[in-house]
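Below are structures written as structure tokens.
Shared between the two complexes below is chain A, which pairs with chain B and chain C, respectively.
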Partner chain A sequence: MNAKRAKLEKSYLFFLPGALALTIIVISLFVFLFVNALPAFYYAGKYVPEFLPAIYGTAVVTTVAVLLAIPLSIGLTIFIAELSPKAVRDVLINISDLMAAFPTVVYGLWGLTELGPFLKSTLFAFINRYLGFLPVFSGTPTGVSYLLASMVLAVMISPFASSLIREIYLQVPRSLDEGVYALGLGRWEVVRIRLGFIKRGIAGALALAFGRAVGETVAVAMTVGGVVAINKSLLSPGITIPAYIANLFGEAFSTVDVASFFMLSLILLGIGTAFLAAARLFILSEQREVRTYGKA
Partner chain B sequence: MPQMNSWIQDFEKVYPNIQVTYNGVGSGAGINNFRQGAYDIGATDAPIPSNLYANISQAKGGIIEIPDIVGAEGIIYNIPGFNQSEYGPLNLTADVLAKIYLGQIQYWDDPAIQQLNPHFKFPHQPIIVVHRSDASGTTYVFTLWLYKSSSAWRSSGVGYGFTVNWPVDQTGRGLGGKGNPGVTELVKSNAYSIGYVEFQYAIANNITMASVQNPSTGQFLQPTTQTVLSAVSSVNLNSLPSPTSDISNMTGLLLNVNASGAYPIVTFSYLVIQKNYSDFNKAAAIYIFLHWVYTQGMNQSVILTGYLPLPTNVRQYVLNALNQITYNGQPVYTLLGGVQ
Partner chain C sequence: MIEQGAKFFTAPPPTTDLGLGGIGTVLQGSLVLVATALAFAAPISVLAGAFIAFYPNSFTARLARQLAEVVVEFPTIVIGLSVFGLFIVDLHWGLSALTGAIALAVVMMPYMTIQISEALRVPRAMFEETLYALGMSRLRTMLFVMSAGRRGLLTGLLIGMAKGFGETAALLFTVTTSFNLFFTSFNRPVSAIPVLIYFYGLAPYENWREVAWGAAFVLTVLVLALFSLVRVLARGGMSR
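Up next, the complex of A and B:
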């Protein structure tokens, strides 16, 4: 027993430094950003006009991406979990895992050179023509735009969101299905009830996906249009916080400019952290609920 | 800049013991990395702006700024149906370009454009206007040229710089691309668009460029080796500012040269180095490399199409400047025994 404990203590010595180092790095990252951003707080007012387009673009692009990812990820989940034969399912799971691991620059290049020009003359032109009277679809479609960046992002985050949703979905006990069938209802109702049962888990998965999307840099910088302006049309170009930093950071000269980039990073980190925390809460409470139900 | 890569390759064949690495980033990043000490030689398409000069010069304990090559900027466009061999080159003036980038000229069939190109019937299509999204010397030179040439641009208050707030962006018709490749890609993939890129880049990629009016002469000219040469060879370059001082007003020197056949948007690109070094090997390597660039490196056979070598009097001016590179205050030139 004592020997076992000694061994355990030794292993603490072995693993503790890694855990400690990571914790310290994360905390110092926050401190580092905050300290470097301090001068910008002093001058904050001056930079608001520069920042607003980036903050606005981040909010628009990420929100639309998550909205688009909802049907994509839930559809993929249901197809994998309920509809596809075993062989197809394994292939689909592998493909979706692979998609989640693709380097984002690949998505960016694809969006910029293939998807953008294609959508510009098809879908975007169509929407603009028939729904152009709505401010969000007005203007001149330019290919690279808020909407293109959102679509590329949606494609990027859907496999990730889907794998999270799948995990929760499969945790719902099968006894629930039996009850539904016993009431004379069909498969469609089973799916609906199961989805209703895990809706908080889905919200959590999407919040995690949001956290991922909000910080995406390369793919968005290549597809959002690189224009520091607030355009109300989704078919128009704009900028996001990470794209703004990526485009212009190396070019900053005076100390105040550099600080303003750190402040933007801090804002971004804040948004990301908030969503991560929200997702954690949702998913944890969901798992607890499902587990409680399973025990009863 | 592709020329720098080509110089380095040729130089390392002659001096295999000296290793030079080039990193192709925007001018803003080039200057910034130089200031922070990541680069020994900063390359930029426009000299360090006046408001930053003192800061950077002080941080480095004195700097030397020197022109290294002659380049130009071309206007590229994508107008379906407009075929240069049929309708001649697309004619544009500084005022029309300024109003396009200000968002005031919105459609290709605007009378101002139609009037300059009477042989082609322009469609009523909105103009998609492409500029750089990164801080860039190319933007600096282009906006400075607009500032010098167009009263519409001057009165707009946009000014000039490595980045500017493009008024056309507020209309949803402006697009930003990273680097010359980014701008070119956006022009290619958007019908009815227009953009500005380095002349050398357009030549290397075989892109047709517009014919731009030189406001000094009224002539419409496309950038070619000949029209760029006409501009450079007609400027008096005998009294250039001291390379150890703020030379930012040199940017305008080659713009709108008043000479027959001179293309209007011509510019030097520049290198910036520290003046004094505490590491002799580094000081010697920089001296030897730059000395090679301004002697053998200026041979026409080494210069890529789309650039022009410095005129001989400017070369001499730079070689004199290189003699001011010092190791702990002693000229490296004399320490090396005046080699080469």
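Up next, the complex of A and C:
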């Protein structure tokens, strides 16, 4: 009874509009997306072949990026958590957080004008020459490609993934370490066992990174090449969903085919959100397990 | 790690086509956009964040929080697309500074809200009971907590600003791609730094790409400055 009256206090009413505004804005965003995508669902068949290269590209680029990010992020985590001297640690964490929040255009520009040409003449040429018989690495390497986009994306998501992993890593109880030492193993083994312990957490962090990477537009758009086709080689250019939207929306707009783009965005959203939700579940279950470790 | 290779840092005269102008138009455009977006987003974020911090168990707060978390991870291009569709197409506003600012605001809001709500949790826990025990009214308590946590609030706003300056995808459709205009009024199109970097960086003209690098340099300095400010504030921490 007191709670009811408290709700009508002016303090509540003072702040309430803010929260309401936020809620309404977000919900209307969703509604708007759906409503605009609806017309496209009728002609779904017509659009699928057009979108397929984009979907393929997104799948490929994001997957490879996450694969590349695994060693990067775990390495970074271990370096920060175990290897770096105390003085350096905070600086590293700050730099890493900074990198995670950096404007993505700059990453894209760097990837396009510096990393791309550099890799084209060194690493990519190398891969092409020796592993070129594999269809994955065939064709002459161009300045932009799936692989380049993946690498830039990997660099972009690693700091983020690393900070997530670091948090979970540091939560592993000391009793585990002591057990390992008691068995006569050394420092590296402790690290490895800890990592194995939080496997699910790492998977969750990576899935989270995947979800974010799926939506990354600019850096990928600049480095993937904008070629709307399915190319089997990683070294050739392609397109991903957000890059597709970015590049082609201008033309499509005039031909009133707009609804299809909304449908495409919904697909993108669906993929991203699915991964993010799964990731959160992973991480939550992991944290629960870590916390209850050792309590029989 | 990330080499800036700023080959040419140009001063703010307007951009030209084949020569080597500057980034004046986009700089001004970005400033205007971010300022306007902040004007929209800051009040909503602060209020919503405070609401979530102070009434965490209410239905509205939980709903708002969940929605904010979902939207934070949204691909920003989708947000730009939606704002474009809603305002530019359906309402026939046409490209204008206002739509760009709205798109930016929508992108900044969830992030700032969550930051602020987190930032307010600590001061609230620290002060709330004492203040109530002293007989302060509810509203006054909250205002006090907010002022005690103003560092955190400022941090949230600053980070939102930084994101606003660097946000590209949301602006791609709501901001013009002709970069020659200075800002006149809210109904005319305007452009922004990251969009310039995007388009000029992809262009085949060598000098355009150099301009893109110059712009990237400026953007980096800007963002770094904002983040350093944040860190200075964070170190100040909770006085007392």
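For this structure, a couple of remarks:
Note that the second predicted complex is superposed on the first by the 262 of 296 C-alpha atoms of A that agree within 3 Å, B and C clash if a C-alpha of one lies under 4 Å from a C-alpha of the other, contacts with A are read in each partner's own complex, and residues count from 1 in each chain.
We take it that a contact is a pair of C-beta atoms (placed from the backbone, for glycine too) under 8 Å apart; a residue touches a chain by one contact, two chains touch by 3 or more.
Predicted, not measured: the structure shown is a model, and the values here were computed from it.
Between chain B and chain C, the partner in contact with more residues of chain A is C. After overlaying the two complexes on the shared chain, residue contacts for A:120 are found with chain B alone; chain C is out of touch. By the touch criterion defined above, A:242 lies against chain C but remains apart from chain B after alignment on the C-alpha atoms of chain A. Of the two partner chains, chain B is the only one touched by A:227; chain C is not.
In the superposed model, A:94 makes contact with chain C only, not with chain B.
Of the two partner chains placed by superposition, chain B and chain C are both touched by A:112. The contact surfaces that chain B and chain C form on chain A in the two complexes overlap at residues 112-113, 221-222, 250. Residues 25-26, 28-29, 31-33, 35, 52, 55, 126, 128, 133-135, 162-163, 165-166, 169-178, 182, 185-186, 189-190 of chain B are the ones that touch chain A when the two sit in their complex.
The residues of chain A lying in touch with chain C in their complex are 6, 9-12, 14-23, 25-27, 29, 32-33, 36, 94, 98-99, 101-110, 112-114, 211-212, 214-218, 221-222, 242, 245-246, 249-250, 258, 261-262, 265, 268-269, 272-273, 276. Considering their complex, residues 112-113, 116-117, 120, 139-140, 142-144, 221-222, 225-229, 231, 233, 235-237, 239, 247-248, 250-254 of chain A touch chain B.
Every residue of chain C that touches chain A in the complex is listed here, in rising order: 1-3, 5, 43-52, 54-55, 60-61, 63-64, 67-68, 70-71, 73-79, 81-82, 85-86, 89, 106, 109-110, 113, 137-139, 142, 159, 162-163, 165-169, 172-173, 194, 197-198, 201-202, 209, 212-213, 216, 219-220, 223-224, 227, 231.
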